[in-house]
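Below, subunit A partners subunit B and then partners subunit C, in two separate complexes.
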Partner chain A sequence: MISRSPTISIPWLLAGPGALFFAGLVLLPLALTLILSFHAYDHSTGIQNTFTLSHYIAVVTDDYYLEIFWRTLRIAALTTLLCAVIGVPEAYILSRMKDPWRSVFLLVIIGPLLVSVVVRTFGWSMLLGSQGLVNQALQLFGFPSVRILYTETAIVIALVHVMLPFMVIPVWTALQKLDPMVEAAAWTLGASHFTALRRVVMPQVTLGMLSGSLIVFGLSASAFAVPALLGGRRLKMAATLVYDEYLQELNWPLGATIAIIVLVANLCIMLAYNRMVEARARRTLG
Partner chain B sequence: MAFLTLERVSKEFGTFTAVRDVDLTIEKGEFVSLLGPSGCGKTTTLQMIAGLLEPTHGRISLDGRDITREKPNRRGLGVVFQSYALFPHMTVAQNVAFGLEMRRVPQAERTERVREALSLVQLSSFADRYPRQLSGGQRQRVAIARALVIAPPVLLLDEPLSNLDAKLREEMQFELRRIQRKVGTTTIMVTHDQAEALSISDRVVVMENGKMTQVDAPYRLYEQPSNAFISSFVGKTNLLSGTWRGNGAQIGNVVLEASAPDIAPGAPITLSIRPEKILLRDAGSGRLDGRVLSRFFLGSQWLFTVETPVGTMTVSIPNQGNEPPTEGSPVSLDWSPANLRIMAGTATAA
Partner chain C sequence: MHKNGPIALLFHILVLTFVLAPLVIICLVAFTPENTLSLPTNGLSLRWFKAVFAHPDFMASFWNSIWLATFSATLAVAFAVPAGLAISRYTFPGRDFLNALFLSPLIIPHLVLGVAFLRLFALIGATGSFSWLVATHTIIVTPYVLRLVLAALSGLDRSAEQAARTLGASEWTAFRRVTAPMILPGITGGWLLAFINSFDELTMSIFVTSPSTVTLPVRMYMYATESIDPMMAAVSALMIAITAAAMLVLDRAFGLDRILVGQR
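On to the complex of A and B.
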């Protein structure tokens, strides 16, 4: 009889390197951050070796932090919504294109991901600045110039720009799986183009749209470079706040506390959303 | 007056012509089948009528109105798709109700009509299932119900019965025919099953390589096929190539008596005779002597293959309750010369 032990150990051996890698690079720093967030901190002497909940209490009772959390949530939600509103029709048009154009436009859509985040963001700040292209154009037509740079608007514009591919690709994939005759069937039954889209095509791509929103929301809520460069010093989001606590205030435990709170909040929102997605998937796709 | 007409309709996909110069006139209430081998352009023709493909050339009109460029949702035709094209996220009942909803039929009437349509296709107990929970034949019946429920003036059916078992298929054929008679729905049905086309239609349109080659009533199509391809595609037949001799067809060294008014002596011809038109006689007493190669018992009839000087012939005789000739025994074939059909040109094996 063949010994069973080698066959049992093979999966462990195969999964081992990956698991070690994950533990070393994700779980360990996360655990250290969690522990750090409970350390006491003193402005003159630095991190103390005593444990306290005071950072958590300070964060959740301070309007300053709550406002930043609220702004982060608002910007991430708005970005997700705009990505869905723009990305879903974009994916539909893409799926109806003939081949040379489809490849060209697919490249245009994933273009932002191919450009370094710093270059891309500086590009936006040049466009949106007080003497940027947008304001010059407004002045040319006799409109007063507007302040876009260092506002939430600038952050949302730049985030939508880079997040769009994460919405378009899953929706496009869902559309690819659709039998084009199903839409045609709706037309023959008397549905207009728009009704067929709304009643027949859309319900079948919601799953792609929901998973796209999950990615967009998660990435937007934890975005760092875009708010850092386009939000300026005062308009902070969660990730830039953590950065400032660590590197400007040197209050590492407080920074760690904020990071943990953001992580947990993000996790809760995404898990709840995912449950919704799966419930829906089970209902329509089996 | 013609209800639905196609005038020199063609469809090209790039350089490939899928349908070429189709002319067809269909009367109100007629049941027409489109019959032809796979890839001959049946679905393409149907989709042009439905408005899902735009003809490259030609004109389509319905009830005196030019609909060549009209949107499919304005034509109001009922379509059953070859791939069914059910809405996967809707239940069977919702699928069937969709067309009524688009027509703003009141809720109570809608429910009633959906119920009727589902009972017609024997799916009443499946109303709350999703298409993925159905078998192929059940999906096909949902597609039929969805097209029937809107009571369209024209029904376009793309192989609507291909996935049903023999009994259900016969029942559905009967239902389609009954609805068509009762409501007077003009019906165009695509099929590649010649028996179905013959049994159910008022007229059969035979298509080959994108062209219409014969449009006729089933009986005439069977008895007077216009070419060798049709005679072998519609029903079984024996095809023999030979030369026309004025008063008969010369096949090899044998001349078989027949008549063909339009053919010049010396021209190459194809001779066709149906297996059931041939009689088996005792050796020496018929027109052509031969030997039984094999015989198959089919219940209501016997099917023989007989080796003769002009080639192997298939013969079918009704089962009369007595034992017919055994394999290897000499027999003689006889027929009435009127049942020999002579067509110009040589047969392409089909």
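On to the complex of A and C.
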């Protein structure tokens, strides 16, 4: 790159190789996938060189796909709600602990983030199976055994397990910024514990919770391993549908269409989040 | 500090049980002497661990994943350190775009990246190549390194560097002798985090691996969909052990909470 001032050329020299690498392996493949989603497809001859909107029309009109999208949204929303209900109080409890315990338990809660999703999903398939520990416990207490594996319940349970750290981390970060003395000050000034929680702690936690919710929702909606291993053949979500279209049906243009829809939905969520954070920052800065 | 009440502690114990249950059951079942997935009620046995080490496919995939993670984490550092310097030290046109480009793999679902790579590789005839697999993993793990490098650079006291420059060190010498040692913890932490993320990756890899480049998570996924025997539990227990070891190293050296929490 030729430039007159060194302040332009040095950063581009530093970041240039990486930028080229990323442009070639992120932007280019995404553009190719977008183009692919408009290619016509024939079951006997494969990808055609004519362009069509038929895949998009098929996906938004066919009940089969709509049901899968609806299930994906439902499961992702339920997972997000449960992660908030479990993760927010847990982060608050953690933040009130004293130090060796606080660090140890924080590690226990967020550490599983580093264990492969395949491993964690496999663990749940053993716990939730017809002879699994959960059913054995139910029988021990005289309840009839229930079918959990290969139901939406199993998918939601495992997704909550996988996503919980993504909720705890932002809420924890938000709580770290809160001086515990402020809550104590509210009590001293006559506020009940509940009022202090609602008026002092909650506003601080809300932004962390929203941030966590968006991450959890986005990741759940595009999750692959959990629905693939715990949903069985019948219960498909968006990601397992794309996988089947690509590697079983070999209808790449249709798979690309669904992948593009998943991507656009994800980017919209992230954009909405950035807007929200900015608006909030503007409000607090006055 | 205010204490948690009994209800809070009960809730905490339930959450811990929920978080640990699937990991604990894997580690128990891995030691079963039986032929089926069952808790080891009749003594412990190492037979399924032996079975894993004697299984050529699992071993090939394991080494594949180790090399893949090593190469991609190293490449990610090679891209992220100069990029981090450029982004944090200079203002230049395109800076925000570069930052967004380097961090974009974090917000693009791995599923979408997987099909996008598959399309590119099909067009250029690169399907099944190990080098291209390394390239895809480098894309996925670079943002983790970059975030830690950016955090390390922004938390840096620049006066030491300026002192070196004033005393006649060249920009390169100042970087090598002053800045680099100070951001080394961030780089090392980033490398390990990148290694673990590459080692664990399933969703993207499943689209771009070929029979000769199958990674361990993909092998485990394929194995889990075909057969149910305690070998899967033994492999999973080994993965948990490796991850726990890496976690301990990360935690001792840098504080895992700092690396995982402080990254956003």
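Here, the second predicted complex is superposed on the first by the 272 of 286 C-alpha atoms of A that agree within 3 Å, B and C clash if a C-alpha of one lies under 4 Å from a C-alpha of the other, contacts with A are read in each partner's own complex, and residues count from 1 in each chain.
Note that in this section a residue touches a chain if its C-beta (ideal position, glycine included) is under 8 Å from a C-beta of that chain, and two chains touch if they have at least 3 such contacts.
Owing to the predicted nature of the structure, the values given are computational and were not obtained by experimental measurement.
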item	value
Subunit B versus subunit C as contact partner of A:204, first or second or both or neither	first
Partner chain(s) touched by A:184 [first = subunit B, second = subunit C, both, neither]	both
First (subunit B), second (subunit C), both or neither touched by A:71	neither
Touched partner set for A:222, first subunit B, second subunit C, both or neither	second
Touch count on subunit A, higher of subunit B and subunit C	C
First (subunit B), second (subunit C), both or neither touched by A:122	second
Which superposed partner A:109 touches (first subunit B, second subunit C, both, neither)	second
First (subunit B), second (subunit C), both or neither touched by A:195	first
Doubly contacted subunit A residues - partners subunit C and subunit B	184
Complex interface listing, subunit B residues touching subunit A	50-52, 71-73, 75-79, 81, 83, 85-89, 98-99, 102-103, 130, 132-133, 146, 150
In the complex, subunit A residues that touch subunit B	179, 181-182, 184-193, 195, 199-200, 203-204, 284-286
Interfacial residue positions of subunit C with respect to subunit A in the complex	1-4, 8-9, 11-12, 15-16, 18-23, 25-26, 29, 37, 39, 79-80, 82-83, 85-87, 89-95, 98, 101-102, 104-105, 107-113, 115-120, 123, 135-136, 138-139, 142, 196, 199-200, 202-203, 206-207, 217, 220-221, 224-225, 232-233, 236, 239-240, 243-244, 246-247, 251, 256-257, 260-262, 264
Of all residues in subunit A, those that touch subunit C in their complex	7-8, 10-12, 14-15, 17-19, 21-23, 25-30, 32-33, 36, 86, 89-90, 93-94, 96-98, 103, 105-120, 122-127, 129, 133, 158, 161, 164-165, 169-170, 172-173, 180, 183-184, 218-219, 222-225, 228-229, 238-239, 242-243, 246-247, 252, 255-256, 259-260, 262-263, 266-267, 270
